[in-house]
Amino acid sequence: MSELLSVDGLNAFYGDSQVLFDVSLSLDTNDVVGVFGRNGMGKTTLLNSLVNRIDRKTGTVTYGDRDISEWSTHEIIREGIAYVPEEREIYPALTVRENLDLALSSSVPDEVREDRIENVFGQFERLGERHDQRGGTLSGGEQQMLAIGRALVTDPDLLLLDEPTEGLAPVIIDDVVDILESLVTGDRSVLIVEQNIKRMLPLIDRGYMIQTGQIVDEGDSEYLAQEEIHEKYLTV
Amino acid sequence: MSDTIADIRGFARGTARRPLLALGVLLVLAVPFLFPSQSDLATEALIFGLFAISVDIALGYAGLLTLAPAAFFGLGSYTVAKIVVDYDMSFWLGFPVAIVLALLLAFAVGYIPIKRRIGHVYFVLFTLAFGAIVYDFTFVTTSLTGGSDGLGFFSPPDLFGIDLGAQTPYYYFTLLLVAVVGFGTYVLIKSDYGDVLHATRQNELRMRYLGYDTNRELMIAWLISAGISAFAGAMYVGSVGIASPSDVSFALTGDVIIWIIVGGTGTLLGPFAAAIGLVFTQEILQSVWLEGYRMLLGILFVVFVFVLPDGLMGLIRGDE
Amino acid sequence: MYEIPLITADNFITYALNGLSRGMIIFLVASGLSLIFGLIGLINFAHGSMLALGGYGTYIVIQATGNFWLGLIVSVVLVTLLGFALERKLLYWIYDEPLLGFLGTFGIGLVIEEAIAVYFGSRSYTVSSPLPESVQVLGVSYPSYRLFVILVGALVALGIGALLTKTRLGLEIHATANRQSTAEILGVDTARIYTITFVLGTGLAALAGALTAPITSMYPTIGLDYITMAFLVIIVGGMGSFKGSLVVSLIVGQIIAFGWLVLAPTYVRILIFAAAMVFILYKPRGFFGKPEVHE
Amino acid sequence: MLTVEGLTKRFDSVVAVDDVDLELREGEIHGLIGPNGAGKTTTVNLITGELSPTSGTIEFDGSDLVGLSPSSIARRGIGRSFQVVQYFPDMTVRKHLHLAVRESTRTVRSVLDRGADYSDEIQEVAETARLEDELDTIAKNLPHGQKRFLDIAMVLAMDSKVILFDEPAAGLNESETNEVREILEDLRGDYTILIVEHDIDLVRAISDRITVLHNGAVLTTDTPDNVVENTQVREVYLGE
């Protein structure tokens, strides 16, 4: 397996405040990697810094064999990285179809475009049924599906998922986890940040623990399944 | 290059500070003797300097982006002219009346936008509309304002046997008042109140949670600014002898904003000096290239906005 | 004193058409301003000077060639290019600073206005109508050129409306205006969207200037009068709302046309500005709600 | 000291804070924890007057605070710090503290009040907040950790009786977090403190009692040890 994404010595700042301290991690092609930690520990900031959606950072981010640390967000996305933000960020006034269409680059030819969108509708039937409905009228679970669909429609090589189960009712979390399961089996690399480690363990190959902006532990899913680790980094 | 700037900066702030200041004071005092033909212009320059100071309080210290300073300046000049020309009453009565009217108008206009925190963008547009209304108003209310002819002509009366209608006495009269009001403003801004405004502009949220009623503090700055603008307008009409729509025009508002940006927002002295400097520059340039003056002024302004947004005072002060 | 003219069926139609053509010009100015504000958040004070350039540019070409239509096209194209250069070289840097954006465009507007004054002097210029004849509309005889202006305004409204709601570009503009950072993570080059929108808005202002030249006389500060009105139109219409700027422009056009029957023009202006002040205080999002371009 | 009863805040259809009861006893340090979106910051914003509650009462020193503006609540003696440090970038540390002392001590609110010399109070507060050597530093030049101390110092300078700390350790490294902890320890007993914090270790170490919020409602209020043992709380945090 070859290394797809590598992060080296990443420090991230919001205004004056330093949120990440010397974070290094890597992800191989077709790997599914999790980053776990309590709220406020820097998980979202980590993903935001990978796509340069943050005030200031130092350190390098290498994707494939290219240094993308200084690229602008849309350039990184167009390179084949898709990002599902924590707050989903669905455009409320646009229809489901328009939300998906927007994510497809204008260089994608019309036929392919239609196919891709239909693929997403095949995967998420509920979105297909609601293709003409405005994003703002969807339920929380449907919005999460749309957010994921919006990432998948571009057929990305690397998928970044920020707390896909956050703020959802337990039943809906089950649905979302099912969806994630179907995603991670394909030949696609995924980086998930989550608080809810137990639901994610079956999905991931490897994972990191993050605490106050630092990577404090790492290991395969078996290692991370130990209760002591959860005790130490995740619970009260 | 930067060494030279640093040297000049050090010179202006250090050893040369007092002598420079003294030289400036002497020059200002000696204007009627050195350049007798320029006394009127110097009077105008001083008044505009005070006007720039007053607007700097609102714009530079309180962060209220107003596009209506000329409305208050004009209110000052029209009030005095109205009282002298139409009501045939004392010139002196005009001053307090002008200030009181300006305070009332400023309160009426500013109360809701300041209280509701409508934000910079809306405040700019709100005052733009207000300024446009006041300007239009001077044209249509002919019986009140004289329409496009304005209200004139008259001369200020004698004071202690000195004819203020003459150039030199009015210059010294203006100098005295500008010095007193300007110094008073300086003292006020150097007191805790200046820090309160400065802090409010930098972080209003923090100020509120330190217990400051920031609406009230901003309102006070807005009123002081309007009052002094009107006072400057009142002095101005004494010098030119006529109140006319140009006293409330958007062009005047544009000028005062240019003075403030070129001099440095929130520095008082900078806008004051820039106003005086640019009034004289205008006079010199106008004799050379009459039509092009304002274009050059505009280019200067654009350069300041994009290259030196802190203004001349910012350049002298450096990064403290 | 002002004489109140009688309203007959005939002159009612004439006034309504006058209001419509005036409203269309205001709309061309306001919609560009509104697009730029809605997307970038820039209070573009240089917008009025683009209108002035459009008008004077047309005049220059007419002096040289005698052809109004050529003048219209040339001046709109040149001003649009100027807008492109300004956005890429200057304004781009100050989008994050609303104060500098306002001051910077104010300064640029001043320079352009004064440059016009240097070249043409402060006297006003008029351009003779390229369509001097009149035609019969609804039983009244009405100047063809003004009908042409109404037509152009309507076409622009339809065209921009379709651009915003039906095209890929419109989708990207909506996404950028609504939440720039989200558009970026969907791969939209938002800097490019900013440039396109600014240039489009500038082109509309230039078009308004060229179209208005045969109707009203031109003077160097003509832009200021138009943008003051246009700013207030977009406040009442809802900043960034394309539909809002169209509807309110047309209403203001009618208010001016019929208002002049009963009040001096200046009073009509004062009333409109006063109404706008009330809107700023109590309904700052205007009639058409949130700043939304894509409807 | 400060008693919150039945506090509820609705945003449209969302209930951000749901019938919360909270009592701050005089001199205690009270932790307020809960997962994201539990309503911690909203609760703080309701107490300080930033938001007005849909229903409920907030009683302080025998009077109801509901409906008062943030500035008048602050003047009554409730100070707060912010998640994102709030300060005046271009002013010295001394000026910050001067402004904070001034508004809380002056009785006549006139513009021309030149202000007394508060150097004693400033010195004392600066020492507590580990800033005694930085009094003449311009705030924006302080390292982030010391900006955090400055935020805290301003609240102390106001001479508040109750202090609400909203994530005082956010964005700090370990040694800075320890210093914040020491500062809080120094304040114990002199002030009544509510602390909202993600750093559970810090909250556990310092609090006399902890209230856990979940989905806007109080899950439990108890001693730190009991809260940690509480199975409900553990479930909420692990999301099981």
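Should a chain be cited, it is by its letter among A, B, C and D, assigned in written order, with residues numbered from 1 in that chain.
We take it that contacts are C-beta pairs under 8 Å (C-beta built on N, C-alpha and C of every residue); 3 or more make two chains touch, one makes a residue touch a chain.
Here the structure is a predicted model, which is why all the values come from computation and not from measurement.
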| item | value |
| --- | --- |
| Third chains touching both chain D and chain C | A, B |
| Chain pair, most C-beta pairs within the contact cut-off | B-C |
| Inter-chain centre distance, chain B versus chain C - centres from mean C-alpha coordinates, in Å | 33 |
| Approximate Å spacing (C-alpha centroids) for the pair chain B, chain D | 43 |
| Chain A and chain B, separation of their C-alpha mean positions in angstrom | 56 |
| Pairwise chain contacts, counting only pairs that touch as defined | A-C, A-D, B-C, B-D |
| Residues of chain B touching chain C in the complex | 65, 112-113, 116, 118, 120-122, 124-126, 128-130, 132-133, 136-137, 139-140, 250, 254, 257, 261, 291-292, 294-295, 297-299, 301-302, 305-306, 309 |
| Chain C contact footprint on chain A (complex, rising order) | 51, 53, 72-74, 77-78, 83, 85, 89, 91, 93-94, 98, 101-103, 105-106, 150, 154 |
| Chain B partner contacts - residues on chain C that touch it in the complex | 41, 43, 90, 93-94, 98-100, 102-104, 106-108, 110-111, 113-115, 117-118, 121, 224, 228, 231-232, 235, 264, 266-267, 269-270, 273-274, 276-277, 280-281, 284 |
| Chain C to chain A touching residues, read off their complex | 168, 171-172, 174-175, 178-179, 181-191, 292, 294-295 |
| Of chain D, residues touching chain B in the complex | 48, 69-72, 74-75, 79-80, 82, 86-91, 95-96, 98-100, 102-104, 111-115, 138, 154, 158 |
